Structure formats: C-alpha cells, structure tokens
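Look for chain A in each of the two complexes below; its partner is chain B in the first and chain C in the second.
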Partner chain A sequence: MKLLPHWVSRPALVALLAALVVGAVLPKVLGLSVYSQNQVTETFLFVAAALAWNWMGGYLGQVSFGHSAMFGLGGFISARLLLALHLPFWLAWIVGGLVAAAYALVWGHPTLRLRGPYFSIATIGVGEATRLVMTYWEDLTGGSSGLSLPITPGLKSELYWWALALMALVIAASYSLRKSTFGLGLLAIKSDVDAAADVGISPTLMQDIVLLLSGFTVGVCGAFYASYQNFIEPGDMFGFDRSISFVLMAVIGGVGTIIGPALGAVVFVMLRQYLIGSYPQLYLGIYGLLLIVVILFEPLGMMGLFFRIARRFGLMRPEVEATLEAKAAVGGGAADPGARQGGAP
Partner chain B sequence: MNAAMLEVRDLSLAYGDVQVLFGVSLRVDEGEIVTLLGSNGAGKTTTLRAISGLRPPRGGEVLFSGQSLLAVPASKRAEMGIALVPEGRELWPLLTVRENLELGAYTRSARARSAANLEKVFRLFPRLRERHAQMAGSLSGGEQQMCAIGRALMSEPRLLMLDEPSLGLAPILVDQVFDIVRTLHQQGITILLVEQNLQKALEVARRGYVIETGSVKLSGTSADLLADPAIRSAYLGL
Partner chain C sequence: MQRFTELVVAAVLLAGLYATMAYGLGLIYGVLRVVNLNHGGIIMAGAYIGWLLHEKFGIDPYLSIPVVVAVSFVLGIAIYRGLVRHLPRGPAGAVQSLLLLFGVWLVLRNAAYLLFTGNDQTIRTEYSTRSLAAFGLAVSVNRVAVFGIAVLTLVVLHLFLTRTFTGKAIRAVAQNADSCTLVGVDVERIYSLTFGIGTALAGLAGLLGASLFSFNPSYGSGDLLKSFVIVVLGGLGSVMGTAVAALILALVEVFAILALPAYLTGAVGFVLLVLVLVLRPGGLFGQRVLG
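== the complex of A and B ==
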C-alpha cells in the first residue's frame, strides 16, 4: 500500500522530522534564556508567515504588498474572540485565519485579474486602505490605543511549541504546494497564463485557492502574534512595514524556492533585533539597501548564493541544480519589478 | 453528411477599438482536416483564440458539437475536447519536457490516463522521450513543435487546432510536421489547421477557407482552391 503521494520524497520527509526534533530539543540542550527562547518563537512565526506570503509572491509570481491586511485582521479578530468569548486560543486563531482568508478573497478575486507590477501596486492600496479603516474602527481594534489581551502565566513558553508546530505545518504545505500536480499548475500560470488556460488549468480558480491558503495562514500568524505579544495596535499590525517585511524575508532568502523564505525570515528577525538596537532611525533604510543589493546581484537571494557555491564545488549534479534554480526563477520578470518597489520606504 | 463538430457563425472580434474579425463563418465536420489560410494579420490566429476562449468575441456564435461555447471559460473548453497548439509553441521554457507534457493532461478527465497518454506521445515522438528531463526552452525548434503537439495530445482532444505548426522550421522539419498531422488524422482526430504555407496545407486538408482582412473570402475543397486563379496568383506566385 502506498501511504504517501508520489511527489513526497523520503529525504524531504526525513529532513522535516529531523528539523522538528532539533527544534524540540534545542532550548533544553542549549539552556536558552527566556529571552532567547522567545526570539526563536518569533522566528518560527515569521518563517511560517514568509512561506505563506511566498505561495502568492513566489509560486504564483503575484507579489503582494498588502499581506499586513490579513495579518492584522487575523490578529484583531482572534483578540476580540479571546476577550469576549474566552475561546481556547487555538480556536480563536483558526477563526481569525478564516476571517482573514475571506477578506483576502474579497479584495483578491478582482485584483488578481491584474498581473505582475500592476497587481503589486493594487495591493499597496488594499493594505493602506485596510490600515486606515482599521485605525478608525475602534469597536474592533480599539483605535490607536490598541487592544490588550489578558496575560496568562506560562503562555509564552507554551507558545514555543505551538510556533514549532505551525512552522512545521507550513513547511510541509509549502513543499506539497510546490511538488504536487497543483504546484505544477501554479508554475504554468506564473510563466504563461494563456498557455495554462489552453491546457485546461483555470487560472482564476487556482489563484483564488492560493490566495485563500495564503490569507488564512498569514491570518493565523497574526492571531498567534496577538497572543504572543499580549498587546496589539493597528498601526503595527496593519502597517506598510509589516507588508514589506514579508516581501523582504522572501527576497533575502530566495523568492519562489521552497525553503528560501524560511532562511530569509531567520536572517530578518536576527538582523532586525540588532538594527533596531543599534540604528533605530536607519534600520528601514538599511533594509531598503539590502533589498536593492540582493535584487541586483543575486535575485534568488540566499538560495541563489547556495546554488552558486554548490556548483563551484561540484556538490550538485548540474541538471538538478539547473531545474531547481529554474523553477524558482520561472516568471522571475513578474517578481522583480514588484520586489523593486519595496526599496522605496 | 457528417455532423458539424465545430461551427463558427458570423464571428466578429476587436482588440480595443481595432476590429480584427468581421463576420467569420466556418465549419469543421467530424473526422475532417480543414485548413484556414491567409497572409499575416488576416485574423487566423485571432479566430483560433476566439474558438479556444482566450479572447471574447464581440458578436457571432461558436458551436462545438452543437453546443454554444460562448459562456464556457477557456479552461473548460480543454475539458470538452478542444486542444490548441498555439502559434510560436508557447511552451513553458523553464519546465522540463515531461512537465510540459504532464501539464497537457491537467483536466480531471485526462489526468487519470496521463501515464498511458504520455507513453503514446513518447511513441509518436521518440525524440521527446530522449529529452524528457531537459528544459523545454533548450530544445530545437522542431523538437519544441513536437513537444507542443504532444502537450495538446495529452488531453485526448477530439478537435486539434494547430496554429502555423511549420512556422520557423527548416523545410525538412516542415515535411515532418505535416506527416504528423496526417498520422494524427488517421488516428481519428479532427483537425483545424491554420497555415501560411498554402501548398502544403492544401495537400493534407480536405477543405479550406481563405481569410483576408478579417473575413472569409473563399472556401472550397482543396482541389478547387488550388485550381483557383486568384489563389494561384496571390498566394502561390504562379
């Protein structure tokens, strides 16, 4: 009997399980401080968010600058549910994610008729409009003074495990989305929409599905963030910085690759901690610079660098490397102009 | 008389303000090879794009097996049995040959028989089997054309539309492509062939339509068209 679909390779499964075990025992072995463990929790969370952004921006080539809308909505819906109904927090996260997904579909179904830079520009509008509405919608978000959640003792260390599980699920989903027949269809849409429609792929339907999945996951991440921070306010949750951060993580790591955005998120969280501490006025500028450098010299980010090194030392069979790199770069023309706009702030 | 598999009635279509088709009518019967001829910019490709659903027409009617296609999205038309080999191939250059072919069997009905059909395509084009792991963009022009035809065949089409399959190919490959068209027809596939190469197209087709500036100027059996003095002077330089 075959338990797994044909595209699940044994090495990938083993790698995921190994990563999970390492993640599980690491805090104990290293004897991490509470502070460091919280940093790791946050990293896990943003790995999940960056990968979910990448389903749209990388797999589909539709670079969104409006994902803060779903992040924030997931956060505030779940916070309201926790405050009003005292739901178990995982249930509040799921409901937050569902509302975020529904919202994503409302703005995304029409906007996804646009492609490439046009879509990206539209998403900037969506993100900013959402931020403004949410800032003034005090009944939901508490306005500029934000919302405080009840503090539960011991919750933060428990959230470490939830973050690990969330990240593992999203990594598995990223892998499935890329390797399955569905993922092949996404590549086809990314690289030639007309040809895709000709062979019977429905671009509208598939884009909507990816949008729902991405919106749901980012919404859950926002909800998790709310539980983790205990305090959220719309300027931070719905901010343009927030949207840009997802783009940055993916671009630094490697847009469109399976694991690149995860690496990018790790770098991003570490770098931000250092930059905010040392250069609080400059840190967004430094990110802009980093973005420009990556796009100019290594459009595939850290994954591109990795491929380059592996090739230099003959660690990778050329045909494997060629196809891996190719898959990520498919339709890169659509991703590039979008990513470049990120240099503006 | 056979039943009409495809019937196009009075089709008109515009790109923005520029009208391209002015009432094109044609029919393809079950089991036929019909060719649509004409020079650059006459509206051949646009007609095919309207039939495959990539461009909404401004007026007219497209019927497939008697059923109107106008409300059917392009992706559903593939499922109904219409396959297009687009002009200039439109392969996914960075996907492998095998992936390109597998994408051809994306519809639910075709997916189940994907493996068997892949084998059929590889038997028809042994060259593609040799190159199955290679990126489609690295194939030669002739191989790319084979790959595009193979991709269309993966959905087990009832109607195969080929848009200038001989475009940009060396003469010897052009002959090969027309041989393939004949073979496919013998296997029972109905074919609508768009060509600029009149001589070759009329050799394989039973009937033809000549389209000029967006409307059908002439139609008839291949023999009649080849004998037509206007055609001989305008297109064949005789």
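== the complex of A and C ==
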C-alpha cells in the first residue's frame, strides 16, 4: 500500500482494473460486429474528451465553449505529421496534443483570469475565431475540402485498444486530479478564487496547469479522431457543435464528478447515433431541451438523479452526499463573476 | 479622403444597430446578473418574424416593428417566468443560467431550421437598393432608416429609465434589489419587465439587421459576441458608453476591411472581444450602474 499515494483507494483501483480487463476482452468474447466495435471505440474516445473538458468545466468551474479549438488543432497537426513524416500514429498524437496544449495556454492564460460567464463568452470568441482562421488556412487544414488520411487494413480494430488505454489513462488522471492535494486546491479555486489565493494557492499557476492538461488531452482525442475517421475537415473539427458536444456530455452526466461525464459521453454517442438516424432535423433542438431540463430540474445531471435515488432508499449517508454535491456543483461560488483574480476589478 | 469619409459614415450608421442590440444584453445583465446567451436566438427570431410578415402579408419591415417588439417582449417574459426565475440567484446561478439559455437558443435555432429551412433569406423591398446622395456621398436609404430608428429607440429608452417611476425602479433594482424590496418595489415584476425589454431590443435589432443583411437560423451568434464586446467595452447600462463602444467596434470592423483579407474580417470582432475582456474587463469608463 505504501507504493500508492494515500488518496488512491483500493476499491477504486480494483474497479478500474476490472473495467479495463472487461473492456479488453469484450469484443473477443461477444464477437461484436465491426460496426458496434467502432461505436464502442468512439464512445471511449468521447469519454476521454468529456472528462478532459470536465477538468476545466467541473473541477475549476470554468465552462469552456471553445474546446473544439484544441480538438481540431490536435487533429490537423497529427494528420499533417502522419501524411508528411509517416510517424507512428501514437507519436503524431502526442505531438498534436502538445501543440494543442500550447495553443490552449496562449489564449487561456490571459482569459482564465476572468471568472464564470465572462470566461465562457471569451471562449466562444476563441473557438469561432479559430474556426474562421483554420477554415481558410489551407496549408494546414486543406480548407473546406479537408484532409484524407491513408487507410490501413485492421487499423480500426487496433484503435479499439488504443481508445481503451486512452480512456483508462484519462479516468485515472481525473481521479488523481480530484483526490490529490492539487485537486483540493482546484476545489478551493472553484469555491472562491480570492480566498484560495489568501491561503497560499496560486490560482494562475494551477489554472494554467489544468488548462494545459485539458488542452493536451482534448488535442490527443482530436488526433485520435483524425486517425479513426481517416477524413477530417475544419468545419466539423473546429465547429461550434463540437465544442457544444463536450459541454453537453459533461452536463447531461453530471458536471464535476468523474462517473458523470463518462456516463454522459456514453449517452451522448448513443443518442446522437439514434437521432442522426431517425430525426436528423431535430437533434440540435433535442440537445437544447435536454440541457434545459437538466439545468432546471437536476443541475448535477444523471449523477444528481443517482444521488436522489440513493437518498430515497437510504443508501447514502447525508454527509457523504453533501460533500459530493458541493464538489460537483455547477459554477463556482466566487464573489463576483466578473471580478479578476486577486482583488477588486 | 473620399474613401475614408465613406467608411466612417458606414461605421456610424452600423453603430446605431450595434448599440440597440448591445443595450438589450447589457440591461438584462445589469439588472438580473444573467448573461442572456439566448440573445442571438431572439435576434434571429426577430429577423424571421419580419421576413414572414413581409413574405406572407406584404407588410413593410419598418411597419412590422411594433409586432416584432411585442412578440419578442412576450417571448422574453415567458422565458424569464418559465425558466430563468427558477434558478438560484448570484454567482452559483450565473453558469447555470448561461447553460439554460444556451439550451433555449439551440431549441429556437432548431425550430427555425424546421420552419424555414437553413437557406439564407433576405427581406427585399423596392427601396432596398435605393440610396441617398449628400455631400458627394451615396448612402443606402435602409442604412439611414435603421440608424434613425436605433437612435430614436435609445433616446426613448434613456428617457424611460431616467424619467419614469418604473424606469427608476429598474435602475434601483440594478443597484440593490434587497433595498428595493424594503421600500415596496415588486422586484420580481421588475425582473421580468427588464428581461422583456432586453429581449424586445434584441428582436428589434434582428428585424433592423434583417433589412440590411441576409440571415439564416444561425444568424445572431456573431451579434451576440458583438453585443458582448460592446457591453464590456462600454460598461453597463450607460447609453452614452454603449453608443461610444458600438462606434468603436463598428469602426474597427469597417476599417479592418482595408487591412485584412475579406475572410478574416469576421474574426476581428472575436479577437477584439478577447482583448477587451482581458485588458479592460471593467469597461472603458469603469463599471457603471444603469442611467
């Protein structure tokens, strides 16, 4: 037990390992069709992306509507590397992720001093400006005709295990970001930036670190998506709908929790598949309705529903539930949403 | 010099429209501390209502102003009473209301796609292409009309907020809602009235915008960001601040055409937004309460 930090609980570790083993042998045992296996790969990918978004939106309480910028950048950088240098794809993903993280820091370092709605709206500007520039930067993105990657046989089934590994890493990272001392610092920043700074936490540094991690991970997810899809175009990769999808996954599942965004991503991918098949005209509006219903009735999404059921059947001690809900609560408790860090505006 | 004057005139005329839509967003934020992310949705709705009245009944867009204003006013009150009111006040509710109103916007956009398809539409009247000539400059009639209506609206709004009892109550609630309750102001009623006025301004701006530009169900998302730039730049609630900020944005946008390739001019507003938020989050003139 000494090998592990004190905040790693044994049940959590066992659960994660068990889930990994199940995930690894599942396609073999069930003999999943290629189609369903691809669906599962995509689900794994978006679980990772939703959790990475949640580090910003849930742990820090800084809701970003601009994460498509990093998703797209990671995708196109790695696609270019794969096409030009024929790197092994995992190396291309990492480089794509690093570039995305650097870009996140460039716009995020100044804007993260804003809190709440101010930050959110700045990210809309960042996302849209990035999309516009990228759509016309044909040397990188191929313009509106996009980029095609070479198709290698067997790649998609290999990517299944890569996606599983990626998701496992991101879940472990989410867990450690939540439970470690660093994670407690994030919680303090989310509750009250000024008070956190007063007790010796550096909000600027910590927010930058979270942004780097989140940007890197979302960039890697974008790069993975590029390899997986074989074809990417800027309108889809950098689109506002892409940014919204991360927000929706986390909000539907439960912002600020770990299981929540993961569940949300599963529901989102399934729902989208169904809606695009059956009601292609309606899916945007249905997401909107879902968002309204969740925020209005259960701001913690599916996790909130779960807490409610657990309470009804007396499965959860009230103090445990209170801590969980306080950690997960949507938005921070900062004194003035417009206030900048470290003092009066 | 001729070109310079033309661009300045174009910017001033555009600024009227910008100020109208930004004032709606600023009013709601100033009084309720809620960022109306659905602002773009209402702008789009205003444009489509005007278009519908023109296409189906042949009503001139300028004559349909009362209808559009009334419909978006009622729509705003419905959104406030039905949705926004149920969220917690203060910082905790700020992000929640942002997400909620974003959901409303998605629904409105989808409704517009279903009703009117995603095609670009324009409101075309017989005077659409006519222009006025003065001092050697040719200016589109429509742009002058839009500017005139916008200025008139802002003046009326300013008088309403400073001279009437209800207007003073709105400003008082913006300063301190609790004290207002103590002296017998129905704060809840003021909140829904303010939300209604804010969305009515958005609807009006949408209609005015639709007589100048083409639009589709995504119309309004750029305007939301522009409104936000202006609100942040101009400070809250001051009509003069809003007007100056709107003029600055319009000038930057119009002159960007000279310096940047055409496809990048759309990004200017977004870059300005981020710069303004980072450099002057308190506005050019400091944070002010309404009036």
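Operating definition for what follows: the second predicted complex is superposed on the first by the 328 of 345 C-alpha atoms of A that agree within 3 Å, B and C clash if a C-alpha of one lies under 4 Å from a C-alpha of the other, contacts with A are read in each partner's own complex, and residues count from 1 in each chain.
Everything that follows uses one rule, which is that contacts are C-beta pairs under 8 Å (C-beta built on N, C-alpha and C of every residue); 3 or more make two chains touch, one makes a residue touch a chain.
None of the values given here were measured: they were computed from a predicted structure.
Contact with chain B, but none with chain C, is seen for A:Leu187 once the two complexes are overlaid on the shared chain. Note on chain A: of its two partners chain C and chain B, the one contacting more of its residues is C. Of the two partner chains, neither chain B nor chain C is touched by A:Met302. Of the two partner chains, neither chain B nor chain C is touched by A:Ala69. In the superposition on chain A, A:Leu284 makes contact with chain C only, not with chain B. In the superposition on chain A, A:Ala122 makes contact with chain C only, while chain B stays out of contact range.
Contacts of A:Val199 after superposition: chain B is touched, whereas chain C is not reached.
In the superposition on chain A, contact of A:Ala79 is made with neither chain B nor chain C. Once the two complexes are laid over each other on the shared chain, residue contacts for A:Ala100 go to neither chain B nor chain C. Residue overlap on chain A between the chain B contacts of one complex and the chain C contacts of the other covers 329-330. Per the touch definition, chain B reaches chain A in the complex via residues 52-54, 73-76, 78-79, 83-84, 86, 90-96, 99, 102-104, 106-107, 110-111, 133, 135, 151-152, 154-155.
Residues 33, 35, 83, 86-87, 91-96, 98-100, 102-107, 109-111, 113-114, 221-222, 224-225, 228, 232, 261, 263-264, 266-267, 269-271, 273-274, 277-278, 281-282, 287 of chain C are the ones that touch chain A when the two sit in their complex. Those residues of chain A that touch chain C in the shared complex are 61, 63, 107, 110-111, 113-114, 116-118, 120-122, 124-126, 128-129, 132-133, 135-136, 240, 244, 247, 251, 281-282, 284-292, 295-296, 299, 329-338, 340, 345. Per the touch definition, chain A reaches chain B in the complex via residues 181, 184-185, 187-188, 191-192, 194-205, 319, 322-323, 326-327, 329-330.
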